[in-house]
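To start, I am sharing the structure in question, which I have written as structure tokens.
Order as written gives the chain letters A, B, C and D; numbering starts at 1 within each chain.
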């Protein structure tokens, strides 16, 4: 039963003028077999038909809605079974997948590069002095995660959407997104490929979308969460990328629209697993 | 004859301890049919055999060298014929291509996102006030390019590798990389997908690698260069990405090594074409 | 009657452990003759006696309170008559004034320098390209003020206490403090001495402390307010400095304490004067 | 003999159009009795007469030159005797001193404030987590100085004039100015008043102007130098301020002019004193 997760997301967007809205709230392709999926989109109660889905190179399912003015509501629900291989069907005939999967070599190069909210090139001096560049990368990732846990305060509302890992390091406050960015940036700055993952997090209180980071250690992408707010083994991956710039759950690529509401839920079948932070956990 | 370009790059890296070096200096897959290619790597004069080549999703050819200590020298020469379709062979049996090409829809989303040196999310206010968000995106890209041309001074040595498009906008000085970053950032901030391209540039004085930006207008990726230092129609693409973080010609992914020297050349068969900046130019 | 202003400020600070609190809420020495002044400080209702007042070089009255734990409440009320010369008495025998007034030459040098929230050195390129460095500095200050008025949106809650004039220029949003910082920074970057003033602002809605900037033009410090939210001629100066770093109405120099509440009022005798922004106004 | 220092500075400024140049290279008023002082200014070999000297509130001697176009050369030489009280005469009848000295209470407030290159407000989280806010401020200043010494590399050319203490903390490299800024910022962020001093530094190699920081500990301004490049007890103070924004040795307040050359020397009578960094040193 612990292999089953139920995730839901209901959100509304106030569309001021006809807009193109990009939505990343569905469980990633890799997260498991999807059962009983529902993804409804309506404007002022009238179902929107102009949807396109694509799967990005990381396996995230990206839905684009060409929306008319009004209150756009999106309702998503899915059950994910992690014991069986992922399914591949999408929302329907609009599916336009990206073909091909980047090679592991390429991903290791990609996720060493500095990015918008993880400017690792600028903090190499600090990171190497604090954490070294020795061969035991597993120990280094653990040390980075522990440093963030001890040094950064989790303070809702303390950071802005423009803040980078540098702001988090210096101000010592942030939320899950900032914790993940700092983990990514410190890993990359010491030579460890690292990436950002937006997830559903059963057990998170208050419930919301969550963010964690993954570091490449001994051939595996291991997930870390310096906030310690939810067990890692029951997380459900939504989107994976360089940082939050790749993982917005709603963005407006054309037109004018604003998020009006968001309700997220995530549960796991059976008891919530424990997580003392010391295990190696890979996220499907 | 104007369809033939000859490009060369000779560089040396001082490898302090055994290192993994990533090199992006070869013409991109899409640039044209490669004739008479040579790519030699040696350490202290002894040929290095441990090379791996991959083609990234943008078509860039990325060579990874596992290098021993010493002076690593890389010598590249190729002739590119742009009249005929690209060839697909690589350096040899070590070829490990990324399969698949991202869809155009995905690329449009990808290249709207803020990135390390093009933090477009933070300059939306300025960009929209200055350039608007109207439907004529071609005119807007032209206005952005002209604004940069008039407002930013090309001053070698004026910027640092950590500088972003914000620094360039505010200080009003930079080099080709900074000009390209500012073009990318202003386009994205006004809703136009834009990306960074590292290129060989016949006619550039003094000769060096060059950087330009491409904006997505009416279904095409059009190349722009606010520096006006070389004709766009004879540029040879090397690597394409979000910004310079994706386009380093040499980077060290493990170990300690420093660039020791770099000599670049690029010529075009026949006369150098003209470019008054007003044409629409697409880069293969 | 228009020469009389009545200003009040009631604030409370939650003092977590014995702290030294610095308060800058009194009308500056230069603002006019002070009538019927009241400045009461109590902790949990018991009057605090350990106050020190000093007058800083700009004429601001700075009160330091060595406070015990509890809720520190400060209640200030004064009537200011601007027709007659300022008075010089303070809160009592604890007065420890700074002697001497900086020369005008020195102030012109001082207020050309970049400061925490007005990093004018970094925006010289943009500022000079946009506004020039011609001899008509009055016209330039007017152009800067108008540019800010047209280009920056007044959006409560849009900025953070760490934001600088650069953030305001780029994001295009801010509050009075940000508008003033941008005015100061653009003036200095084009060679005009400029400074920040915290003021009481009769007519401001909603009522609060306000911030404006002063530029040195033709031998006078002329006040400007790109927000246009209150007439300049009835402002009451509190503190003058390089930027908001000099003008905090409450700061904690030792210990742990947080602002718990703040209520400000300011009225002018008779009708509120008009202000279309075009007059030269000097603030006493 | 160790009480005598001989300092010289010869600099040239290329004055492109008539300019106002501000020069801060003379020993501060407080540095000691000035003997045999010479301060010559000429344009293309013709003595400039339009000089004004003022003494700023910190005791720095500031000379303003209204210069015509040409090569402005400034030649300064002085002998300073630190055993006897300072002298008060200036360059001549153009002397226009700032009267008055700020009170110690005011200075403690002033030098707790964040400034252009020492944005202490933004690094409170990091600084308090690393160094605490305990009562033993002397130990904390020592810990901060030692941290900088161990963690920041002295690398000429590694930083830019726009860099702040944040850049130095993160990149881990800088020069004396950056070391001093970081010391100031970390002290202020943990509640210790701290300021920047530009000095002549006998023993410095290669010889140049030098920068150090002073922290207010137990009623005294104690000088610290994490670079360890010159003994503190023989430093000669030039200018004191919030950061380098207050301490430029040459700045252009009007017109267009660029530094063309700079040669500095500083020697001490007798042997250069030792300095293992552990003593409390106050700078006159």
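Keep this in mind: a residue touches a chain if its C-beta (ideal position, glycine included) is under 8 Å from a C-beta of that chain, and two chains touch if they have at least 3 such contacts.
Everything quoted here is computed from the prediction, not taken from an experiment.
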item: Interface numbering overlap (same over half, different under half) for chain B and chain C; value: same
item: Taking each chain's C-alpha mean as its centre, the one farthest from chain D; value: A
item: Chain centre separation in whole Å, for chain B relative to chain A (CA means); value: 29
item: Inter-centroid spacing, chain C versus chain B (mean Cα positions, whole Å); value: 48
item: Averaged-CA centre spacing for the pair chain C and chain A, given as whole angstrom; value: 43
item: Numbers and ranges of chain C residues touching at least 2 other chains; value: 122, 162, 171
item: Chain A-touching residues of chain D, taken from the complex the two chains share; value: 122-126, 128-129, 150-153, 166-167, 169-173
item: Chain A to chain B touching residues, read off their complex; value: 22, 52, 54, 56-57, 62, 64, 96-103, 105-106, 108-109, 112-116, 119, 121-122, 161-162, 191, 245-246, 253-254
